[in-house]
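Here chain A shows up in two complexes: once beside chain B, once beside chain C.
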Partner chain A sequence: MAHQAHAYHMVDPSPWPLTGAVGGLLMTSGLAIWFHFHSTTLMTLGLMLLLLTMYQWWRDIIREGTFQGHHTPPVQKGLRYGMILFITSEVFFFLGFFWAFYHSSLAPTPELGGCWPPTGIITLDPFEVPLLNTAVLLASGVTVTWAHHSLMEGERKQAIQSLALTILLGLYFTALQAMEYYEAPFTIADGVYGSTFFVATGFHGLHVIIGSSFLAVCFLRQVQYHFTSEHHFGFEAAAWYWHFVDVVWLFLYVSIYWWGS
Partner chain B sequence: MTMSSTAMVARRALTAASHGGHEGGARTWKILSFVLALPGVSVCMANCYLKMQAHSHDNPEFVPYPHLRIRTKPWPWGDGNHSLFHNQHTNALPTGYEGPHH
Partner chain C sequence: MRHLLSLPRLASRAFSTTARQLKNKVPERQKVFLEDNGLPVHIKGGTTDVLLYRLTMTITVAGTGFSLYWLLLACMPKSKAQ
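The block that comes next holds the complex of A and B.
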């Protein structure tokens, strides 16, 4: 058996970066094909390839870390840096949409009636479902913290319960938002109000779905004894991401739902 | 780097709190979940239910504002004139509400 004289992980050659890139290419060009030629084949193919890539790449990482012991402390430190940098990039992503919102709403143009909300727009009551959504996400932040402490203290059953509760709250948020989207008196085509509202909250909702999925994977892993009380970085990364999603919602709620109403 | 003894004591207390002590952490957050977080959600649910009951259900009169209901390019689904979450009852088309009764 070969040995290495360092604590780092020299990863084996893998096809997944290539399949992921090809998947990305097919999805983007497929989107253009759909818009102009009304065929969804290329886009669907790209989506399938992307989903397969994600499944197999992350499965391989779990194999390397949990089962083969490659995630030594320095390797874990690198993974931590990576997750922090990724979340930082997502912060900047959302910053752009907040910029668009404030640009449009602080100096509303004459075409909109010179006011915000624009003439003819009936806004959602911030103290109805949006407030409930805020409570749901804040509660999920508490339950995910309960989960983390349970993991650290070796409380297996509590960790499973609290993680399940967190995921259910995430699903409840998604269901509530979907209902709000359907019931809203305005659509994405209602000028810059509709555009900023649905693009900002829409990308947020997508991130809630991604975060819930990440937590669900952690749930399955916890059930299968992957995590130890000292080493559970996958869960920590999911929890960081979830808190980020919560914070973005708070900014959305205060800016678009409350101030913007 | 040396610190005053007060600073050292404070630092130790904060470290213990953030780590939740040796057995306090999970229990604390479990209590917070069931006493604060979930009841908070229930209160907001009740608030929503009550507020929705007090609503009137009539839509405002349709005014064909040019800055709303924009149709620069048709959507790539259906007849291209309905948004993804289109609701016949609450969303008017550029020509007005659909159907005889909304």
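The block that comes next holds the complex of A and C.
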């Protein structure tokens, strides 16, 4: 644009922050209405609104960056800071659940039998599916790094293949974990063991799904020639998020699955 | 057996949207979004943008009204008829 004398991005007025906020309102009040009045309409509307907002907002960011050229180096720096801050906030989110786990497991109460795992809990063998899950996520960390290097070296086909492999590994993890959930000999209602296990691993699983979706969007963008060898921050952000998800799993595996068994 | 052996080659030909057939449409899209028509980016893409925006706004306004209705309902004392 010939109109600005600076490298920063003055965004067009956008309706998405408003629609997103209302979506949050509808989902939360909808949840309360579902509990008390048995109607899911409000919550469903909220979910639809949230999905529509996410789709259009991120679509607009892609337009602003890839098609309008607004993502200059200073702007990209800001986006990097933003993603790092967001991931940091997510680290603190998980820290809370690890705090809860260690609070209960380091000093088990008499109600649990004074031991961890509590009396009556049949734990999952950490060297069966959980170990496979660890291998799957570690491998996906390798394939996403391979994808990054392929991108930087201009190897289009390799970037597409390694990115596809990363997504498939993510889906494989999700499928394995879903199967584990179904087959587990304990439930979320089984005392503090069940609570800490399913809430911590459950939120992690949700983040795997989010990360896989982010990578899938990057895959579609790579196929459509959006990324260049110099400029592909969307992919880098997805890769950072994916590594974060991987690290959280490693902590979960060592703490809950292995030490906690 | 010969037909079975050629399956991988045929499959990759049938589904090779990624490697060969897809053309780079980024320059066209850049032209659309750099046009000096004063449109904000969220409706600059065309009719689909406007329709999707209208749908989203409708849900926003209707949803807000709906949540206020349910709020009023929740504030009412519980009638014996319920």
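Going forward, the second predicted complex is superposed on the first by the 259 of 261 C-alpha atoms of A that agree within 3 Å, B and C clash if a C-alpha of one lies under 4 Å from a C-alpha of the other, contacts with A are read in each partner's own complex, and residues count from 1 in each chain.
By our rule, contacts are C-beta pairs under 8 Å (C-beta built on N, C-alpha and C of every residue); 3 or more make two chains touch, one makes a residue touch a chain.
On a predicted model such as this, the values are computed, not experimentally measured, just so you know.
Novice: Should the superposition on chain A be reported as showing a clash between chain B and chain C, or a fit?
Specialist: Here chain B and chain C can both sit on chain A without a clash.
Novice: So, does A:K157 touch the first partner chain B, the second partner chain C, both, or neither?
Specialist: After superposing on A, A:K157 lies in contact with chain C but is clear of chain B.
Novice: Considering only touches as defined above, state whether A:L52 meets chain B (first), chain C (second), both or neither.
Specialist: It touches chain C, and chain B stays clear.
Novice: In the overlaid three-chain picture, which partner chain does A:S212 touch, first (chain B) or second (chain C), both, or neither?
Specialist: Once the two structures are laid over each other on A, A:S212 reaches no partner at all.
Novice: Is A:Q177 touching anything from chain B or chain C once the two structures are fitted on A? First, second, both or neither.
Specialist: Neither partner.
Novice: Tell me the contact category for A:S104 with respect to chain B and chain C: first, second, both or neither.
Specialist: Neither partner.
Novice: For the overlay on chain A, what angle lies at chain A between chain B and chain C, C-alpha centres, nearest 10°?
Specialist: Seen from the centre of chain A, the opening angle is 130 degrees.
Novice: Which partner does A:T201 contact after superposing on A: first (chain B), second (chain C), both, neither?
Specialist: In the superposition, A:T201 touches no partner, neither chain B nor chain C.
Novice: Could you look at A:P118 and tell me whether it touches chain B, chain C, both or neither (first, second, both, neither)?
Specialist: first
Novice: Minimum C-alpha distance between chain B and chain C after superposition, to be given in whole Å.
Specialist: 18
Novice: Would you please give the residues of chain A that touch chain B in one complex and also touch chain C in the other complex?
Specialist: Overlap of chain B and chain C footprints on chain A: empty.
Novice: Which part of chain A faces chain C closely enough to touch in the complex?
Specialist: So the residues of chain A in touch with chain C come to 11-16, 18-19, 22-23, 25-26, 29-30, 32-33, 36-37, 39, 41-42, 45-46, 48-49, 52-53, 56, 60, 63-64, 66-69, 157, 160, 223-226.
Novice: Show which residues of chain A lie in contact with chain B when the two form their complex.
Specialist: My answer: residues 34-35, 38, 111-113, 118-122, 125, 127-129, 131-132, 134-136, 138-139, 142-143, 145-146, 149-150, 152-153, 155, 158, 162, 165, 169, 181-191, 194.
Novice: Which of the residues in chain B come into contact with chain A in the complex?
Specialist: 20, 23, 25-26, 28-30, 32-33, 36-38, 40-41, 43-45, 47-48, 51-52, 59-60, 63, 65-71, 76, 83-87, 90-91
Novice: Spell out the part of chain C that touches chain A in their complex, as residue ranges.
Specialist: Spelled out, the residues of chain C in touch with chain A are 17-19, 22, 24-26, 29-30, 32-34, 40-42, 44-45, 52-53, 55-57, 59-60, 62-64, 66-67, 70-71, 73-74.
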